[in-house]
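What follows is chain A paired twice: with chain B in the first complex and chain C in the second.
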Partner chain A sequence: MKRTIILSLFLILALALAACGGGTTAEPAAQPAANDAAAPAADQPADTEAAAPAATTETMVIGFTASQTGSQNVASTGQVNGLNLWKDTVNAAGGIELPNGTKVMVEFVSYDDESNTDRVQELYTRLATEDNANFLISPYSSGLTAAAAVIAEQYGKVMITTGAASDDTYKQGLTMVYQAYTPASRYLTGAVDLLEHVDANAKNIAFVYENSKFSTDVVEAARQYAEGKGYNVVLAEGYDPETTDFGPFINKIQDAKPDAIMGGGHFQDGSTFARQLNEKNIGVSFFALLVAPPEPDFADLGEAAVGVVGPSQWELQAAFTPESATAAGLDWYGLLGEEFVQGYEAKYDGTEPSYHAAGGYAAGLILEKAIIDAGSTDPDAVRQALEAMNLLTFFGHIQFDTTAEAHGLQTGHSMVYIQWQKDASGNLVKEVVWPLEGATAETLYPAP
Partner chain B sequence: MDFLLTSILDGLLLGFVYGLAAMGLTLIWGVMNVINLSHGPIISLGMFGVYLLFSGLGINPYVALIFVAIFGLLLGIVIYFVAVNRVINAPHLSTLLATFSVAMIITGLGTAVFSASPRNVDYSLGSFTLGSATIPINRIVAAALSMLITAGLYIYLRRTRSGRYIRAVANNRNAAELMGVPSVRILALSFGIGTMLATVAGGLIATLFPFTILAGGTYELKSFVIGVLGGLGNPVGALLGGLILGVLEGIIPTFMPATWVPVIEFILFVLILMVRPQGLFGAKKS
Partner chain C sequence: MSSPNDTQLAATDTKTGLSAVLAQNAGSFVGLILPVAIILALTIWPTITGKDITRESIFTIMLSIALASSLNILLGYTGYVSFGHVVFFGLGGYVGFYLMAVQGWSLWLAMPMGGLAAGLLAFLLGKAILRLRGGYFALATIGVNEAMRAFINNFKPFGGPVGMTLNFQVYKDYGGAARALSLAFYILAALTLLIVIISYLVRTSKFGLGLLAIREDEDAAEVMGVVAPSAKTWAYVLSAILPGIIGVLFFFKNGSIEPVPAFRLNFSIEMIVMVMLGGQGTVLGPIIGGVGYQSLRGFLLTSPLFKNIQLAVAGALLLVIVLFVPAGLVGWLRNRFPALRRVLQ
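Our next item is the complex of A and B:
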């Protein structure tokens, strides 16, 4: 009897913890001001514009979810901040101006997805059916986006994905989904090139990574690339996303005697891993971790951040300009990187934008340009504009794969690699170290 | 296999901190038969207490633990009177729901105030190297402090009047009341000490790993596994259970992929519940 009571108590406990682990609320993060105004890309002028002579104004609704709670909170918040800045910029200019003079104002509907895949599917269905979103933007992270992309396809909504690098989503025959980020298959390959550049004698790499879709995809591609270049993979092992104590794991890595460690996952595990690598001081010269290092908050690790390399989708130093667009034979669209940073810092109390924030803004910018090229918010016309897109923005080169095998996969954009270093006065600074043409400092090698 | 020894040592040191966290949970169960579902969020509060005192006021994290302990004690007494006291004699489900509500309140408020962003107490004492083994000194200090606190708790429960009252109430509340023990005050004090242990364990974990406001949940689960291993209601069993769990976490990744750690831990949890529900070291007799 007593045993039955204890067992049932723990069953209740497990359910309770599952409920409290995800987050707190299912309420909309931002209610639409007037959903019905958005229904099928209306041609009617808005009430307040009645006096305007020729130009009409319409409102389009863009739906997305944000991870206000749960493990993806940090990166997702940056992404959503970037999106909000884009919306404010567009609306402050009176909306997106179409060639026929119509102005399209932007309205967001978003919900907290609690970093939870089930919630994402439920909420994107709601965005597509109840909120009548004209277009969708992805949540943050590959796993959540994979879930959202299926819903976008099902309801025929064009979705721009950002914060989602996994390749697989675009290899499932989807036709409505377009990726802003460099795909996972090219995420860490540059780190292998950088290692080859700084030390021709380094031959052994340990790949250690979070057991998530994104990290596994990245590492699998980087591993094949490294082996193709003649490197020995001395350890390739995943860890649970909830891991807090990497001590025993690091001892195992040390035993494998690698010259370089590559992998990681997302912010929390990456920063925990980096701190313990530093404390264990295992004598490895090169660390390249995913996602966490480019985040400004990574500097909170202090000494443990020094020397860590990370791939970044965007860094201000890697300057893309109208001139570089002309030189590359591409069209330029949108604002300059400096303007983005100024706008972001002004809106968010001086907070420096991370690449997730730039990715959020870029998703809006891509949609904006496609709507202008299409001359309307008609989904088919916008899709055709996206298929033909080949341009340079402050975020980098944007072009999509249009083949049936990998439709919507980003083919234009590429990564830059940053490393945390100390400046002359001992402050931590983020420097671009690869590719060399965009580098702002020499690579610190071996890492301390 | 040098690294096996290092990993056992790593796990053992961390096991003391796990044991301390579990002791908070098991003390409350032992004295008043309440499973405290707010244990995890309270551990998180301990982490944030040390973080805020360190990063905001520049107080040494180990000194900050004293303030965190006082806060934990007072918080526990408040939680007891607000949420637990009126349902203490009701069926287990009522106390479970009451403490679950407290957990939701703390998590909700904590997320609103601190967000779920990771925080780090950037305070390193360096590393201690012996042969091929490198052990962070923070980990050694955390283990030493956990041992000290455990010893202090043991002496307190054995040698002081209120400690003896706690043991008396745990043993038989009705009989203790007949002997003039103020049982409500003693229950509140016990709950306070339980949450104090949780916040201090949280504070020590904050000196080892980055964390978020949701991080306490992981340690709450570990505390349950440890509680069942050592025997719910048995503080010394909790410490030993913590050491066993810590060593397992050290050894498992050396033989198989690290992702197997939680699988093995919970298989062990279920096995102990089925085969020896009173725990390896015996639970409190009811």
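Our next item is the complex of A and C:
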């Protein structure tokens, strides 16, 4: 009996912990099409279509899993919102119009993967075989995407990945998977270029980063790049994802006397790091952090945010337009950045889109263009269209690696780098500082 | 307290115990009929429906059954709650994955090595932490899992925080991805069957009786001649080997491995829940628990009524079970209908 009581107490405790953890324990299970809000929107255009003069209309199914619960929930929700906006836009226009006049309506089937890999393969198998998805979109995060890619490959389904930056996945001999994001290996390399641009005398860099798959991938690549350019890496230190006290790391940075600090990981740790660094005021002139700075909430740090540089997959300020496409000798496709933001804010009660949302929309857009180029939804034809794609969209340049070594890796898109600065009236503003073509302001250097 | 001879003694005990049971019970493996029938039915079900999705769903269920049955040897028979049992799944998976992805070994060789690594870890840990009892042991197992994850996170040969990815070409050796996934399913089915049979043999052996005695009263058991430290260690090792092998299989199928999904503490808790749901200390219990738990969660997640409060509903149901049916479904049936006891082992 005593043992039962102990066990009961443990289980209660465990369940309480699980509940606090935002549902990370929840065992993933098939949850058919949770896009309740989007479903009526899909029906409406179908009705207007019926009234219009007869053009052949097909429906294609796109399948993906979303992290409706668990640790990736926030980023994944942005991504799915972006995707839903794309679907509504396409269906409101009566579908994707193929060169032969056929219109292809889009239907989504999605399940909750609860941010863990346990059932990702099961759910993607369901999407591929039961729901007869014509195309797949990746889950959010590289780990889940790697598991889903095995299934996409097995059933010969084209999968556009978004929110999955890690390079590894695309170096495993896959043939059906195409990446929308700039890969992790090029996340921070631009920050090194920027440093070189603003200060030719800077020589020492300290890397302090979260001990996670993504951040480590990013920093390893940036470090190699920096060393190749002749920089000295005076400190390379990983910290635990749950770190809340960066004191010991800041002390080490102080001892190493770097000209620049690069690293970070995700939002929480990144903003804490920035705040504590500001409090200690150790006088480093250049500070670049992953993920956190592009988020609008980063401005809550106030003074501590000023001067912080961050890579972003997409920023409205770095405007890509049909004119810039012509200038670069690329085809332009899709809507303008402003139109995306307007559409997004209208659909989601004024919420500002993050780059994850733009990435979700871009994934849909890439697929849409490939289907038009292919003239059908035949997987092989779409694959060929993707291989040949060389495109400028509101999200940026899109081109895929077609070699066997890194098939599907994004080679066209590149990061933009933002920096928090103060405008004339002392308000914090996010300015694009790199690449120079898209810059909206001079880099604040040295950072205060 | 225990001399080196104890281990040997216990080992011989086990051996004679097992063969004695085999002799005694020849023709009376009635209790094994139901568990084996369920596993076989689950195994051939995908062939009947001819659908890949059935195979994938049953893969998840089988995984639960096999892990819960393994844990049951320690939790159900011996009465020691291991909260960090996923450490064996993760470590075995890591060792096997490393051998396949980096050293180019085949799945067939990597699986036993994963099991060996898990068994070895359990042996060493058993010597150290099985002296702790009750809640203290449970806490220690959580610590072991966290420590192992931190270690792997900083262990460069295993890829550190980045983990490892399997080259897709590897599946070609097994006749392509489709064949490899199907092969993984049948291997898992065979392993599940194996653990269920082992679980039955342990339960009906003298070794198993020793474990049950430890569960009821460890001091009294020692007085009666059960060499508790070594019996517990072997139970721990036995419950760790299969999760290690299954870890290799799971991550082979998954195509990549990272520290966080490999050592997910919540997975351990789910295993305990499944064992308790079905009935700890019985052969059939973890099977019923695995099938029941996964079906329940699936139902709650998809049901429009419970979709948004599924965690709360699942939590409340589990509380009710722990408080009012502590023996689990199989235990309750055994108490209620003594006539069925031979069948419901």
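We adopt the following convention: the second predicted complex is superposed on the first by the 392 of 448 C-alpha atoms of A that agree within 3 Å, B and C clash if a C-alpha of one lies under 4 Å from a C-alpha of the other, contacts with A are read in each partner's own complex, and residues count from 1 in each chain.
The rule we apply is simple: contacts are C-beta pairs under 8 Å (C-beta built on N, C-alpha and C of every residue); 3 or more make two chains touch, one makes a residue touch a chain.
It should be emphasised that the depicted structure is a prediction, and the values quoted were computed from it without experimental measurement.
Applying the stated contact rule after C-alpha superposition, one finds that A:153 touches chain C and leaves chain B untouched.
Of the two partner chains placed around the shared chain by superposition, chain B is the only one that A:70 touches, whereas chain C remains out of contact. Contacts of A:238 after superposition: both chain B and chain C are touched. Judged by the touch definition given at the top, the superposed model places A:329 against neither chain B nor chain C. Shared-chain residue A:267: touches chain B; no touch with chain C.
By the touch criterion defined above, A:211 lies against chain B and chain C together after alignment on the C-alpha atoms of chain A.
Touching of chain A by both chain B and chain C, each in its own complex, is seen for residues 3, 6-7, 10, 12, 21, 23-24, 211, 238, 240. Note for the complex: chain A touches chain C at residues 3-4, 6-8, 10-12, 14-15, 18-19, 21, 23-32, 112, 116-119, 121-122, 125-126, 129-130, 143, 146-147, 149-150, 153-154, 166, 168-169, 171-174, 211-213, 215-217, 220, 238, 240. Residues 2-3, 5-7, 9-10, 12-13, 16-17, 20-21, 23-24, 69-71, 73-74, 77, 211, 237-240, 242-245, 247-249, 251-252, 254-255, 267-268, 271-272, 275-276, 278-282, 297, 300-304 of chain A touch chain B in their complex. Residues 1-3, 6-7, 10-11, 14, 35, 37, 40, 92-93, 96, 100, 103-104, 107-108, 111, 115-120, 122, 124, 127, 129, 132, 134, 136, 138-139, 205, 208-212, 214-215, 217-218, 220-221, 224, 232, 249-254, 257-259, 261-262, 273-274, 277, 286 of chain B are the ones that touch chain A when the two sit in their complex. Residues of chain C that touch chain A in their complex: 51-53, 56-57, 59-60, 79, 81, 83, 134-135, 138, 150, 153-154, 160-163, 165-169, 171, 176-178, 181, 253-256, 258, 260-261, 264, 266-267, 269-270, 272-273, 276, 293-294, 297-302, 307, 310-312, 314-315, 318-319, 322-323, 326.
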